[in-house]
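Next, two complexes with subunit A in common: one pairs it with subunit B, the other with subunit C.
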Partner chain A sequence: MGKIEIKNVTYTYSKDTPFEKAALKDVSAVFEDNRITGLIGHTGCGKSTLVQLFNGLLVPDCGEVLIDGVNVSAKGTDKRALRFRVGLVFQYPEYQLFEETVAADIAFGPKNMGLDDGEIKRRTLEALKFVGLPPTILSESPFDLSGGQKRRVAIAGVLAMEPEVLVLDEPAAGLDPAGRDSIFGGIREYQKETGRSVIIVSHSMEDMAEYTDDIVVMQEGRVKASGRTKDIFRQREMLEEAGLSVPGITLFMTELKRKGGGIDVGVFTVSDAFEEIKKYVEGVKKQC
Partner chain B sequence: MLRDITLGQYFPGDSVIHRMDPAVKILASVVYMVAVFLCRNIWSFAFILAASVFSTAVSKIPFRAVLKSMKPLVIILLITTFINVFFYEGETVLVSWHFIHITLEGILNALLIAVRIICLLIGTSVILTYTTSPIDITDGIERLLKPLAMLGVDVHIFAMMMAIALRFIPTLIEETDRIISAQKARGADFDSGNLVSRAKALIPVLIPLFAAALRHALDLATAMECRCYHGGEGRTKMNERKPKAGDFVLLGAFVIIGACVIIINKYAPGFNTGSVTGA
Partner chain C sequence: MADFITLKDLWFSYDPENVKDRENYILKGISLGIEEGSFVCVLGHNGSGKSTLAKIMNLVCTPTSGSVTVDGRTITEEPDEDTVFEIRGKVGMVFQNPDNQLVTTIVEDDVAFGPENLGVPSEEIRKRVDAALATVGMTEYAKHSTSMLSGGQKQRVAIAGVLAMQPRCIIFDESTAMLDPQGRRAVMDTIEKLHSEKGMTIIHITHNMDEAVNADRVIVVNDGRIFLDGTPSEVFSQEKKLREAGLGVLQVTELFGMLTRELGMKLPGGITDNRKGAEILSSALKNGKN
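Our next item is the complex of A and B:
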């Protein structure tokens, strides 16, 4: 459950004014279910616009958005019900908190779904577990928390709706490395445990290499490439054309190979690189 | 959505009106407004309407954009027209039923007042708001208010506050848009229920919006202090602007329009509006 298909979608902002801007031009893409898909692209390539089509916040000028084969961009679709199926976490979601307590803020979405108190309580605690916050935080005011904690509470507010597809726009922007790892780690755990789909928009190639199964690359309002993460990061020229790069560790490995090491450059995470270099060093030792 | 609001929006362009000195433009729009209020008969109204349309053509602002900006005005137009048609005391009674008397004068008066409101909007938006960036407008106001400095008014601070306020309108609109989207994504419902529940539905938008406004204000204050902002004393402008001959020619054109209205009022025959009420 939770497969999203985009078919020939076009979207233009401020149509018929001097500020008209085509954000998406004939975009087609598939986001498979039960896995984490990364959406990457240079600033202004239309990533954030695309994710707002998933839950009906924006309606495409033409083209179709299909969720599990059903067109949800058609007129007469219940947009509110759709928003509970596709949970969208915006950039800097901590600025949307408004309730008096963390518990009430996380419960905002589930309450709008019309769930009873017991179910809301269960979902709140489960969401807190995934974002790595203790239940004691529930009675605090969201405005007294640190930036990172606020971010987690906001993400928990969407997780608690238990959407079929979870979409996160730059969930780790502006966080320190430990904060990034913990947020992405929680998302991966959530995906594994629930088997639901997750889509992550990000600028960080390192995070994408580490945490995603598939990647969709966008450039200037079009889809440039899509496929398994390891296949995408092998295409260095294509990524550079799109204004992106491969992860830093891959660049390092390429350089190492150029210096004469017989190693595989198709590694994209630090831990894989560690294993690869260890294997190589042990191989050299044996020859001695 | 909110981003489609066009009232008071700047349309970048390169026309004679765009290039005009903003201070002179403010004077010109005042002259124009006076001219609109001086109109007293059909001919002068026709003249001022033609002048408005002509200014729009000169400014190269698309007519569609000007018409679109009038959308929020429709209700006001309808109400004033309604009141004038039904309650104007005229001589030529067309329909009389109980306390309602529709007179020929009433209908004409209603029409002219509608034209007056439309002209006011077209004129001021084409001369000023559509063709002048907010920063230029505040610069113009600052220069026009300079004489007040002698009375002890801190004109620079006043202009700076206005510039900041204008500068933050689009930022806050964008922010509002974002917060609305985010709360909608959590199932917030703004379009159904009675008045009370609709007002309540705005709380999830208003609280983050206030928080954002305060955050922006504090950030800006810090940024200004870091750059040693200390008010207008000894402060110079990057682009000193002096009105050129061409600016006065255009201002003169608007004065002539006003003069024409007075002449037409006096000599052209036709229906005269009895009062200047309703606008």
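Our next item is the complex of A and C:
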């Protein structure tokens, strides 16, 4: 559930004015269902434009956006229903909180979907669990919470709509390392338990390497590469061309290989690097 | 060199009337000296008190008890307006959100805003604005609209605005947190240049470990107290304590920790540089062979 296909999509801002700017140029990409896909690219590459096509905030000039095979970009599509199917969490979503209590804020989306109170309650509690907040927080004002807690409440509000596709734009920006781990850990758990699709936009290659299954790389309004995360991070030159980098640990392993030794550089998490060196050390011991 | 900023047994609460137990204060008995001309990085998790600490240093907040001394001038209670202006002229501050700190529509007007308010003569303002924009590498944007800049460019304009007031110290309160990697690099380069070329005292608050590796000194704040204080390699070698404080370490430091703990390899702690780390590990692996 929640497979997104983009077919030959073009999108231009301020079309037919002197400020015309082509943001997407004949983009085709597939975001497979039941997994976490990372969307990466240099600032201004069109990532944010692309995700706004998923739920009809923007309509492509030409081309198609298909969700589970159904074209949602056609004129006359039920945009309201589409927004319940594709949940978008913008950057710094905590600025969008507005209700008097956390409970009311999380319930805002589900209520608009016309759900009954029992179902809203169930969804609210489940969403809180994924973002790691206790139910006691429900009666508090969202404005009395810390920045990190507000962020979680805002994400919970979108999770409670149970969208087929969940899109998060820099969900951990500005959070400390423990906060990052907890947000990304919660997202991974949510994806595994629900089997729905998750798309994460981020500049952190370390987090992308750790938490995504697939990656789509964009550059200057086009898709430059896509595939399994481990295959994408093997292509250091391609990523550098796109103005990106590889995770710090991959750079380290490349340096290590340069110093000699049969070490695999296709390593992009610390635990993989550890296993690789362990294998090497044990191999040496066996030879002795 | 002598300390530019000194804190003595500093306690702070936003609401001291109602917070009776000092254990619930935001800052709890901090004593600290910031040496003139040094580059100090302050790390801490969200809510640790690190931003409040910064606000004390340029009198956005005044100590509930204890004292803060800036350039020889000691403040213990609510200061008068002249003192506040004097201190803020010496200690500038750049905040987190690039959209919240530009006040005018044109770049050079924004940079001129500070010195204008200080009553600096207009020819002198012109000189200062040009020099400040050159320092942050934004000269060609002088006549541009502030709203059309990227986040990193906006932060550099904000830095120029502070520079034009000619402070001796700048505090960066998570000024890189909202930027993309390129914007972050540009701001970090600017910060490092202000330190190395202009000899300014820099206090950089962040939770990006990689921004702390070039600092002279790293201070970790946890629960309102100073938790760790030392050179980057001294602090980063204490991975367990950093995690306790809700922070992490660089990936290479983490890997070295795992190799030491689980494979019993003899490796130094606190390695932050990939190249140096690779050299050390590769010779350790080769020695293992023999």
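Methods note: the second predicted complex is superposed on the first by the 284 of 288 C-alpha atoms of A that agree within 3 Å, B and C clash if a C-alpha of one lies under 4 Å from a C-alpha of the other, contacts with A are read in each partner's own complex, and residues count from 1 in each chain.
As a convention for this text, contacts are C-beta pairs under 8 Å (C-beta built on N, C-alpha and C of every residue); 3 or more make two chains touch, one makes a residue touch a chain.
Just so it is clear, the structure is predicted and the values come from calculations on it, not from any experiment.
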Output check: A:Val270 vs subunit B and subunit C. Expected answer is one of first, second, both, neither. What do you get? second
On the A-aligned overlay, A:Leu239 touches which partner chain: subunit B = first, subunit C = second, or both, or neither? neither
Could you say whether A:Leu115 touches subunit B, subunit C, both of them, or neither, answering first, second, both or neither? neither
In the overlay, answer first, second, both or neither for which of subunit B and subunit C A:Gly174 touches. second
Determine, under the contact definition given at the top, whether A:Arg83 touches first (subunit B), second (subunit C), both, or neither. first
Based on the superposed arrangement, let me know which partner A:Val217 touches: subunit B (first), subunit C (second), both, or neither? neither
Have a look at where A:Cys45 lands relative to subunit B and subunit C in the superposition and call it first, second, both or neither. neither
Considering only the touch criterion stated at the top, classify A:Leu24 as touching first (subunit B), second (subunit C), both, or neither. neither
On subunit A, which stretch or stretches are contacted by subunit B in one complex as well as by subunit C in the other? none
What residues of subunit A sit close enough to touch subunit C in their complex? 42-43, 92, 146-148, 173-179, 181, 203, 206, 243, 245, 247-249, 251-252, 255-256, 258-261, 270-271, 273-274, 277-278, 280-281, 284, 288
Subunit B partner, complex, touching residues on subunit A are 13-14, 16-18, 52, 55, 57, 80, 83-84, 87-90, 93, 95-98, 108-109, 112-113, 143, 157-158, 161
Sites on subunit B touched by subunit A in the complex: 3-4, 6, 11-13, 64-65, 178-179, 181-189, 203-204, 207-208, 211-212
Mind listing the subunit C positions that touch subunit A in their complex? 44-47, 96, 150, 174, 177-178, 180-183, 207, 209-210, 243, 246-248, 250-252, 254-255, 258-259, 262-263, 265, 274-275, 277-279, 281-282, 285-286, 288-289
